[in-house]
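One chain, chain A, links the two complexes that follow: it is found with chain B in the first and with chain C in the second.
== the complex of A and B ==
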């Protein structure tokens, strides 16, 4: 039995916003794979819930008139894995979705929940960072768009005000068209584990030169992050083995891993320096480059 | 009218329609075991890691320990109790028997539901060992009898 004091079901986005305003102490619950575990462990602050589980208005993956990809915050990881749009245009996000938990978790856990709980290890976050995804957040009579990179304030803290709800994630055409990407997760087990480090690389090449290079990490700092110094240094560089070594050296200055019971700072740094090479190599392969 | 904190839900359980008044705090696992006596649904870890509580909700595999029972309203639930037809085991169940894929048996109902969902998704197409492993990665067997489980899954996909 979960220690719930109040539970109200929202039948639409507007109703969810109204219920959040009406119940200032309440949290949103969607897939429940985080919140129900927290409740079971007796964690405070989750005893009042506004329920958006399986709300059809939030569960979609589509292309809009500008060919931007829109992912509803209620899309579960299995929706992302099976989506033709994702498979064709952003296979990196499919890699990320496939690396989450196990089949049972992927059938109920949502991408919106993965982002909104604000953890650095969220498998979908680094790919969304690399894709410059934009989050649409709705409140009562308000609607704002915010880049995912500005959404995180700190561990577990995100830019959601009272009565606000993340409705969808937009990946604009310019950020995915012609790009190849790869997400590499390092964890102690191949399934049912939290990333020790996650690395997403998205790149464009022209005449064997890196036209665009983006690299993002999960667990390399308190929140997911992009490596801006590395990215700027690598742009317009020729694809070569030397390039991979340079990336591996450069990322060290961008990241800020810490020691936890899962891994030490030093071990994480080692993994970071290796994963950036592997993820870049795989992304280059998808771009048709030989290395 | 229902008492505060209680909700009425109607759902199909192993092809039978049921209406129950349940405590909103209950997990689907608790309702299946305690209200309906479906003891095949096991609580292992209770936090969605071991898969012993796996059931199908609208033919989708979920961990019933981290699934609110009120979410079952209007849905179709399947547990291993409902898989046999006219006293005959399902192909998946039979394959587990034939391959001796059961040791202590605690994880078996959850595994069988995972295989059932996998088989229905495969539509008879050939699958690799790797795909089988990935599709069962959310189920743990603490007796570590994975080899025979793997064989049983292979057999049930072929049949």
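== the complex of A and C ==
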């Protein structure tokens, strides 16, 4: 039995926004897989809910006229796994979706909830960071687009104002076309676990040279992050074993893992230095490179 | 013939259709909810408690604190009563306590209309504490100046020592090598699917009915009587379907409290339904052990001497206490019976959650240390791990020097040989020589076990069976043996069908148990049930068979020797012709006006033997050094459990056991802050119980022996499969990396520390 005070179902995006404004204490619930845990734990501020679960306006994955990929915030992880668009253009996001929870979770948990929940371990976040995804956020009479990398203020805190809702995530063509990527999740279990470290690599090669290199981590800091110094240093470098070693050396300066009772900083750092190598190797493999 | 057949579980359909009724399905309308107020410190005493505000909350029925409960201390362990006062369980528990012994100790209890109100009321209770330093490490607990967690205990719950065989010291002197090792096992949790739940109400002025998810209904009845100082016969315990227990429900945890509450509240129904978090904190877990082992070995590979010193941590209350270390230690004499052996163990109190019975009762800890030490000895001599064990293990006809009994059935060697063949051991050993360098390595491991089939002669082994012939020619069976998901009702039905020559479908076992009507049996634990109940079932079924045939003689006028039962019919033994079917006979026995009567048989029987069982695990692993991960490529358990009554169910027990064993080996550990006693991970996200994605395909095989002390030649199987995966995996890690991982679990966080210590980190990267 949950201490649920109010639960209203929205039939459209506009109605959801109106309901949020009408009920200042209320929160959105999409799949509920983060919200209901908090409600069960008796946390304050989760007992009034505006329900956007399964809203058709939010549940889609499509290419627009510019060949940008648009993912509705209400797309569940299984939608992402099964989407031909994702499989063809950004298999890395499929890796990430597939690593979430278990089958039941992937059937209800949404990518929007994953991002808006604001935690550093969110499995879809590192890939979206690596892809320079842009979030479309709507308010009562407003609509704004912000890069995912600007969305996070701190653990559990994101750039959403009262009455605002994340409607979709845009991955523009220039960020995925010709790129190969891989998401490597390191956790204590192969399912039903949060990432100890998550690592997403997206790259382009030409004549065995890294034309573009992007690497993002989850749990390497208080929010998901890109490793900008590493990325710049590696651009235009030749694909080789040495390159992998250099990446492993370089990321150390970019990341900022913490000691918690779950894992020490040293432990996480060791994993980070290994995952970047393995994720890069796999991404290179997808790009047809051999090392 | 039903024994040995893979018949469908008797309750399979009821369970998969959701019709099987568990405790929660049976709650009476309006059942009140009780929730504990638990301490937020690990060691101390309540100075003040204020419940006034909480009591005034609408919907709160009552609040009781340590001031309101009976003062008589009771023991909670689900053991049979011991007529020998020396052997009594430690009585150290009150229903609620003012003295705080672990973080989560039960100080007060709120009874309310629902759990939301109860939780709100809990938040309004104000408690102030006198705090003491938490005693968590053995060093601190045993310090002469340490506070006594239980007054007068010196923080030691029990201690014992034994030796068997030749003089141990002499044998160590004569040994070519003496190898020493120190081993540690972690606190782990049962993680049964159904959390602890009980409710109680009164249906008369002085009778308490308790419905509970328990492995031991008859013991619950006795202990509730003791805890509340009321006559045992005033308590009636009903056990519906159970969603697993693994030993955690071989303890009397919630029942005395719900009985107390209904007594206080005019017989109103009151339930306690623990959340997962509470269940993992406030029930029982597996005792962490610290074990020192010394092994004497000759150059030819004969182990000649062994010494073991054990510290077992029982936590805040004794529960099963020292019985765990004692039972664990006793299995050595049936595994390696020809070594001179000395064993010493102490069980300590500590300011951490309470340990109790858990699948295999001390053996996962002792056999882990024993089989790691045995591996180290084999490697010291340079003999193949399997060959080395074959030289030293028990053989049929060996004397178990601790029990003084001959080992009558023993398939240990055959188990090792089967496992070795399955694994293609010799070839793989050679092949894996290539994988001993670099970041990713491979290795093979093996470990053996011996276990018992019950608790005799430490405890009584009593089982009861009642069989009644129905009017339609089928039979109903009642047993005291407790079905908790392990499948015991099914094999009871198979045994009855076998002896009565009835079709399996014609045997119905009454599932729910009710101490008012069920025959007496002490319950589901010690892997005892199939073994102990078999002796009662065989006798009862034989008795009923005689009665049926006697009635057939009355009806037909034929002599006793002329008739028999076959496939549910009375047949003429000379011609094999059907004389009549069972329904005809039964209707006559019930309704003929002069002859016959209701045909029933009831037997209560004490088994006074305890057959040892044997088994082993073989495992093939890959160690990913830079990621601190162990991957199991192949694993097999081979068991000698006597005659296998139902191969599918037996396989299920092995798979479940291996699954749990892998969890204990690789990931499971209750993490406790060493300074404050705070438990970090009493939930299934942070307690790394494996998922199906973490477990490889499990293989199993059996070596069928015939055990003469059992009704159908069967021995125990419920617990043994859990024992050997951890040492086998540890031995495989040693094979792969050359590093001895002598503490469990071999989780990434622990491997990180140990690989670092052994210089495997940094230099090796892929």
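Methods note: the second predicted complex is superposed on the first by the 291 of 291 C-alpha atoms of A that agree within 3 Å, B and C clash if a C-alpha of one lies under 4 Å from a C-alpha of the other, contacts with A are read in each partner's own complex, and residues count from 1 in each chain.
Definition applied: a contact is a pair of C-beta atoms (placed from the backbone, for glycine too) under 8 Å apart; a residue touches a chain by one contact, two chains touch by 3 or more.
Note that the structure is a prediction, hence the values are computed from the model and not measured.
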{"item": "Chain B versus chain C as contact partner of A:192, first or second or both or neither", "value": "both"}
{"item": "Which of chain B and chain C A:277 touches, first, second, both or neither", "value": "second"}
{"item": "First (chain B), second (chain C), both or neither touched by A:178", "value": "neither"}
{"item": "First (chain B), second (chain C), both or neither touched by A:102", "value": "both"}
{"item": "Touched partner set for A:3, first chain B, second chain C, both or neither", "value": "both"}
{"item": "Which superposed partner A:33 touches (first chain B, second chain C, both, neither)", "value": "first"}
{"item": "Common interface positions of chain A, toward chain B and toward chain C", "value": "1-3, 102, 190-192"}
{"item": "Of all residues in chain A, those that touch chain B in their complex", "value": "1-4, 7, 9, 32-33, 36-37, 40-41, 51, 53-54, 78, 101-105, 107-108, 190-192"}
{"item": "In the complex, chain C residues that touch chain A", "value": "114-116, 119, 626-628, 667, 671, 673, 680, 684-686, 688, 690-694, 747-749, 752, 761, 765-766"}
{"item": "Chain C-facing residues of chain A, complex", "value": "1-3, 42, 102, 186, 188-194, 196, 245, 248, 261-264, 266-267, 270-271, 273-274, 277-278"}
{"item": "Residue numbers on chain B that touch chain A, as the complex places them", "value": "23-27, 30, 46-49, 51, 54, 60-63, 66-68, 70-71, 114, 117, 134-139"}
